[in-house]
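Dropping the structures in below, format is structure tokens.
Each of the next two complexes has chain A plus one other chain: chain B in the first, chain C in the second.
For the complex of A and B:
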């Protein structure tokens, strides 16, 4: 690895550790933005420029800002308040994630690339477009994902809708009489 | 090869966050970290294999993560309205 790649890997690990360890939720979201921007730079180095741009626009620009908005809305910046019903979870969590890292590194270490790989064309939109918009390739999957996003938007609106105020006409008759008498 | 190792480490850090965090919003942030580790592995595979299909799959992962965040944050806001908390330890009943 070159020096820039090592620096990017160190920044990725460091910002991820900040995301999972800091006690302030706003700091965690900001560290996540830093992580996503470094990942986008890594994508450019790995010949995936269109995915890098999508990463910056969708993840760092939209998703994390939505997270920040909800953190502010719920006044949930203090991440570790409240009673911990499962004390002593830290050590099993650390052991489990270290074991998971070992298994994943072992499994990925067994991967071997083919002798003569194909051409990526830098991962530009001109290279990805024919794959995305050809019916024999991924066109129908793209349409389905668009429909999924529509359903998710409607679901979010329905979920956060406040409870309806009961209109006057549907109230019980006795209550109505009382109101009229007054 | 080396980016695959980095993505494995990022995925394990995200799993640690999911297991150890107490607030639902931060559990969601850790899930995003894990999704990005998977994306990084896909892009590294695309580079080594010389095939663009993995990059297309990465775009789909990003779109589905956006949908998941919309629904998940809506759920968190709805739960907070009713329970005044988003702590995953205290939300034990499904009755609502």
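For the complex of A and C:
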């Protein structure tokens, strides 16, 4: 294990801890960007260059920027306001996280890498394209993801659309009764 | 024996009367239902006699039930019963036209009466045990309906229920007995069973004697219930709640003799089973003694006669138990005459006194009722066993048969005969002698009630002469006639001297007891009895506490058990309900996991993930 790998791992854990532990949401989002940049570097190191670029563009450049927009629009940078209704959950959460980490480490310890991994070709889009657009490989999954994005767009539009107020008089009598019932 | 469709017609005639009178009887004017009912019974009697004169008849529907034909047979034994049932039944029908005059249930009464006759004929004519059982239950039903005929009185309804329930206990024995026979022999036809069990006058070789014993005993339990033997005797005195013709027809002349008939019809089961027959003798002896002792304390004119019926039925069972089956049927015959006569004389007295049944308010009827007094006297003397009357001959035949069985049994039966003479005189003296102690204006019954009694009087006087003992130089008509169908042991007849000695002893005892009773109970009429006898009468009036014992040992524990079972049932149900509430409470507990805090759910997710990975890795 080289020095660069150790440094990357330390930076990843450190930034992740900041994301979870800091009380300022803007700091947390920035730490998340840092985390994504480091993880992109790790991807490069693992010969997944296209994925690393996408990681930076989509996650760091688009998603977290969206997060920041929301936090700033709502002036929600300070999280520790109001009363904590589940104060005792922190310790079980820590214990649970440690336990999950423990079992995962244990599981990885029993995992042995395959003897002859496939040729990665540097993880460039020239290598990934045929995989993505071949029906025997990932084409349908790609189409499905496209559909998912369409749904997400519509859902986001509907969610934020302001409520329309229907005049009472236009409702038939039978529905009215139902409303009273509720 | 010929096969003829006329045989079921004997049964169908009164059944038709039941249907017609039951459906349209209310539209008929007063005497019409009674006339129709009587005529139909007379038709049955004549048809039965005609068929019997041609040597009997049989008729069957082969595939009534799988393996069980609906078969009827008219032979000498069932012929005798047809004569008793339809003959005496006809007289009682005619009597009832007068007795039930202006009763609001006039047509209903005759409808039930015809139903009874039809069921009784099914019982006696049935050639397979299930058919007999139909009649057996049918007469029980008719008895239930007729005891509770005046259903507005609570006591009548209770008596009817008691009679039905006690009879059902016996019927269970009958059913189980049939089950045993079916299981072991695969047929319930009486003639086929007889071929299988006792083809040559003794048990076939290799027959399962234990099964036959069990079946015979269980059938005997049925007979105990129907014939009101100890310990199932409690219903018969209470059955006097019905109208008097009912008591005469059902609870004296016919239905209660069905048990004796059953033993005689199935004599091929009993004749080679000394153990079972010993029980028959024992039960019969106890009943004879118990009924006689209970008759002394009764104050109801009909209950005195009812207990005497109990006692006489005991006599018949003793006769059947000692193997003298023809003697049992002989006593059935004579008893049908004199007991029907006694009941109908009692009915005439009750009729004369406007419904009064208490003998303490009677007396002096000798002067008021010129015809009924003769009927009552003949009936009481025949019951008491006055020599040369019918009761004397049949009782003497029973005593002779008991003497052959055991001297002790003979002595007890002789003692009972003396008691019978005493209480029959008590009945007669309290009703007819002395001064009238009531306030009604007694009047003699109409001709429609006296004429049947005239005929029954003739029967009581002369019926005994069909079965005279062999030492009297006259032919015994009944014994060879009945022994054509009843299994019987060929045995040495008693020496002439012994037979004469028995006859003389029984005659002397009867005469002495009749005279002594006549004198003794004049004192009761006058209210001057010795103190010990009054105490005895008090116990006797309450039937020696049989009902109290039944209530304490059976009725109340059963009621308690029913209550306990009912409560236990409720407890069981609430237990199941509680089990349901357990799952409900469990659901409530699980619902409390739904806190509504996303973090809490995430924690659950985390735990699940840890566990799943752990399980997946370790496995």
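Basically, the second predicted complex is superposed on the first by the 164 of 182 C-alpha atoms of A that agree within 3 Å, B and C clash if a C-alpha of one lies under 4 Å from a C-alpha of the other, contacts with A are read in each partner's own complex, and residues count from 1 in each chain.
Everything below uses one rule, namely that a residue touches a chain if its C-beta (ideal position, glycine included) is under 8 Å from a C-beta of that chain, and two chains touch if they have at least 3 such contacts.
Quick caveat, the model's predicted, so the values are computed rather than measured.
Novice: Tell me which partner touches more residues of chain A in the superposed arrangement, chain B or chain C.
Specialist: B
Novice: A:100 in the overlay: touching chain B, chain C, both, or neither? Say first, second, both or neither.
Specialist: both
Novice: Quick check on the superposed pair: does A:159 touch chain B, chain C, both, or neither? Answer first, second, both or neither.
Specialist: First partner only, chain B.
Novice: Tell me which partner A:4 touches in the superposition: chain B (first), chain C (second), both or neither.
Specialist: neither
Novice: Quick one: classify A:110 as touching chain B (first), chain C (second), both or neither.
Specialist: Touch status of A:110: second partner only.
Novice: Tell me the contact category for A:89 with respect to chain B and chain C: first, second, both or neither.
Specialist: Touch partners of A:89: chain B and chain C.
Novice: After lining up the shared chain so the two structures overlap, which partner does A:72 touch, if you call chain B first and chain C second: first, second, both or neither?
Specialist: neither
Novice: In the superposed arrangement, what residues of chain A touch both chain B and chain C?
Specialist: Looking at chain A, the two contact sets intersect at 85-86, 89, 92-93, 96-97, 100, 104.
Novice: Touching residues of chain A toward chain C in the complex: what are they?
Specialist: Against chain C, chain A makes touches at 85-86, 89, 92-93, 96-97, 99-100, 103-104, 106-107, 110.
Novice: Going by the contact rule at the top, pick out the chain B residues touching chain A in the complex.
Specialist: Those in contact with chain A are residues 1-17, 19-23, 25-26, 28-30, 32-33, 36, 39-41, 43-53, 55-56, 58-60, 62-71, 73-78, 80-81, 85-87, 89-90, 92.
Novice: Can you name the residues of chain A that touch chain B in the complex?
Specialist: 1, 5, 9, 12-13, 16-17, 19-20, 25, 28-29, 32, 35-36, 39, 42-43, 46-48, 50-51, 54-55, 58-59, 62-64, 66-67, 70-71, 73-74, 76, 79-86, 89-90, 92-94, 96-98, 100-101, 104-105, 108-109, 111, 113-114, 116-121, 123, 127-128, 131-132, 137-138, 141-142, 145, 148-149, 151-153, 155-157, 159-160, 162
Novice: For the complex, give me every residue of chain C touching chain A.
Specialist: 595, 597, 599-600, 603, 606-607, 609-610, 613-614, 616-617
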